[in-house]
């Protein structure tokens, strides 16, 4: 018997081509943590347009960057910002106020309810959240209805199915078994709902290493594994490195100027970090080892 | 500062008194594995009656034993049996055929849907399962209804809330942090739905040991922790010991005779293993070290 | 080549399973279990095998140990990941692509019954073990196989007293889509005598092949309904020497399929 | 005893939290964070502290490090268990007993708005960050606290342009039970000037106490609606020396609450 398991490892350049114009794209992580940035940058570079972006339950500036780069038609995210650095993403705020993007308004609980409905192939799931609020008004996909057993009011949440889920994790073996350092936030919900899952990891590990702690395997059978050390930069990656605040401030200054009417700085940002570097390794080279290694683990 | 955390450790005798006549009691584990038998035996010994027993998604002979001992009014379980040893529990089969117990018919998917509805404090959750089947007829709590968004038929499953959940696990610290060897089957769903959770464990470990692998902590803030080595006997406990087939055969022979009209063997079984021993340690003494130590781990 | 009916069926099942599929293996049905493992070792290196609440690949195991019970924790030794049981049905990515369903009754449209036999649910003549996970699994799996250990007219009935897993309902290729069920429904019904498939239009059970040595008449005499019988009914294809070698040397060393 | 308004508020919050409660601590609201940790170290040895997607007890930590961001993984070093974020809302046993909710608008019935300001949702004058988890959390938590970093008539408004967290709706003690919401609703609204509670019958916001040095008139001048003002409005009780000692020596060593 010499049957061999097929490796699911691809590079970020090839993986990103799986994301096409008009798709629904989810991006895992949580605010300042664990976004598959090597793929997000590549998607901008390849010029993908009209995306529906399902950000993390609380999304960070990766969604803002995609909006600023002109890739986004619609955003699903209960929050887009950078906490104390920026209470709301500059491009997100401006594009929403100007009606340049559509927003699917929900909170985190409703958001996971919608992903779960998709995973279960259900036309809706009910929730108590949203009763008495403006959410069913500003999001007409949410409907108040009477529970068929008791007649009580509930909110019906329709399914939200990403075509592609992008996730950043700590480890994967070549066969699509993925482990996080820590909880993995809400990334399991993305994987379960999405048609295709692409995972970037800090380290590819042998299958034997996965088997040493199988209870830590959070996702299995993911479609593609991309080796991308520092792949969440400028955001943190649990157990590996912290956020690059200086880089995020550089981004925010460029973004704020752009929404104020001067795109010069932002165009330079895009050129320097996204259109210039040929791939993820070149991106890291541009950021530079001194900066990268300054993002300590503890 | 000399604040101290309160220990949640109690013995099985005290813990079982939390279960009162007429309550809804869930029992974790799965078929031949991981039932909190030290508590089940104690509940029989203290003479609790009219229980609604929510067995595991697939329940084993622990539910059958409770029926045989006269503690049960109603059973919720998609399966009650012992696989190849007994395709169906003898007391369960006889009591259901004779109308001596009520059965809340469902399958495993609907069962978890009902527990989830309870955990979420929702009056119902929808499922595709059961459409076109007899389940909504034989279980009038299940209702076919039209999805409020698309008009498609769905089955509404009402909540199922245990008053007390009994769970058997590998380890817990004194503060209610519980870890399994392996998956813990569906026990998290029981804990989330139930008002009170009591966990028997093979070993109580220091809090520091829990902190060494916190991703393995499956339940936290459980209400009581009971130290019960071999507490799942005669069923297996993952990582510790296998099922005691001889004991289960002894039980089955007694149960089969009892449903056939001769309760002698079963009365002896109850006396020997449940009414005789004063506590769990005395039960183990009755079973005996040679038998217990023959239930190897690998 | 000498082989038993159980080995024949295991090989038949194995050939219908595809590389890359995600398939859970129970302990209670040793023949389907052997079929899945044979497929995995024969032509399915990228199959994900669900075993005792874990997922894994068993390619590198020279010999697969049999286990008597579903949750025997010794079978978790090869785990690559664990399945929390309450999450089993949370996504098609977690759910087995393929499933095997037994029945105390199976009707001519592939509906199955695990509740009991009788007219009145409150006074069953024979109480069955319960639906287990079959109601939900058969909603979602890409396809499933009805599997019987004995071919009996009291089991293969015109109409089930109760239905726990919806097959093709009262018939018709759209029986499932009309209800909005995403799964593909029952594909075959496999018994010790034969294999049935389902007629394309009205989804009545149809005799697909008889096992070597079995006649069509024997099947009809032991079947409680009248299946569609094509003009020409072939024989179930015997296992190859390679399949038998894998079965006996790696999958079923204890010879459960030879007993 | 010298103390800042932030320390005063932290102590006020701490006194309202009970031993045994399960409370998640955000990073973005340093004053409520300090209040929760003060309660834990002062009188809550059995509190479960939710921190950076973990649950833990911090009793044995002599000094608690501050963290700027919610998911800073360094705060997971004390983990006893992890919370998968998509399971946060799956059970009251997972959900924080208590929650803190901000708002770009908060109205006189304690409803809050994080969506935006304007009449037309498609053309907001000011787009807010979004509801985060507040819509669902406030459905379930035993009680919650509205918390504002500034006391401003444009924030404390007669009526929110949009509501993301339902407080007491259009008023009435049964406003929440009529909708079937299991949680206890907003208990206090805490600002740099004062603490509001809610009148028992119609649940209008009522001035409960002004912080030392603040007058009722100052509060009214900075509030965009007319709260209920009792004949006698007391002062928010200052922190004790012990509370200040815990805050400065263990909870807030960097002095965020003193800046």
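For reference, chains read A, B, C and D in written order, and residue numbers begin at 1 within each chain.
Simple rule for what comes next: a contact is a pair of C-beta atoms (placed from the backbone, for glycine too) under 8 Å apart; a residue touches a chain by one contact, two chains touch by 3 or more.
What you see is a predicted model, and the numbers here were worked out from it, not measured in a lab.
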Comparison of B-D and B-C (more C-beta pairs in contact): B-C
Rounded Å distance, chain C centre to chain D centre (Cα mean): 56
Mean-CA-position distance for chain C and chain B (Å): 29
Centre distance in Å when chain A and chain C are each reduced to the mean of their C-alpha atoms: 39
Multi-partner residues of chain B (each touching 2 or more other chains): 116, 120-121, 123, 127-128, 152, 182-183, 215
Chain D residues counted as touching two or more neighbouring chains: 54, 76, 82, 89, 140, 180, 182
Pairwise chain contacts under the document criterion: A-B, A-C, A-D, B-C, B-D
Complex contacts: residues of chain D adjacent to chain B: 22, 41, 43-46, 48, 54-55, 57, 59, 76, 78-82, 89-94, 140, 180, 182, 246
Contacting residues of chain A [partner chain D, same complex]: 30-34, 57-58, 77-81, 83-84, 87-88, 92-93, 96-97, 99, 105-110, 112, 115-116, 127-135, 137-138, 152-153, 181-186, 188-189, 236, 238-239, 242-243, 298
Chain B contact footprint on chain A (complex, rising order): 120-128, 143, 145, 147-150, 152, 154, 156, 158, 182-183, 215-216
Chain C to chain B touching residues, read off their complex: 27-28, 53-54, 68-74, 76, 82-86, 88-89, 111, 113, 115-116, 121-137, 139-140, 162-166, 169, 175, 179-182
Parts of chain B lying in touch with chain D, wherever the complex brings them together: 1, 3-6, 116, 119-121, 123, 173, 175, 177, 191-193, 207, 210-211, 214-215, 217, 220-221
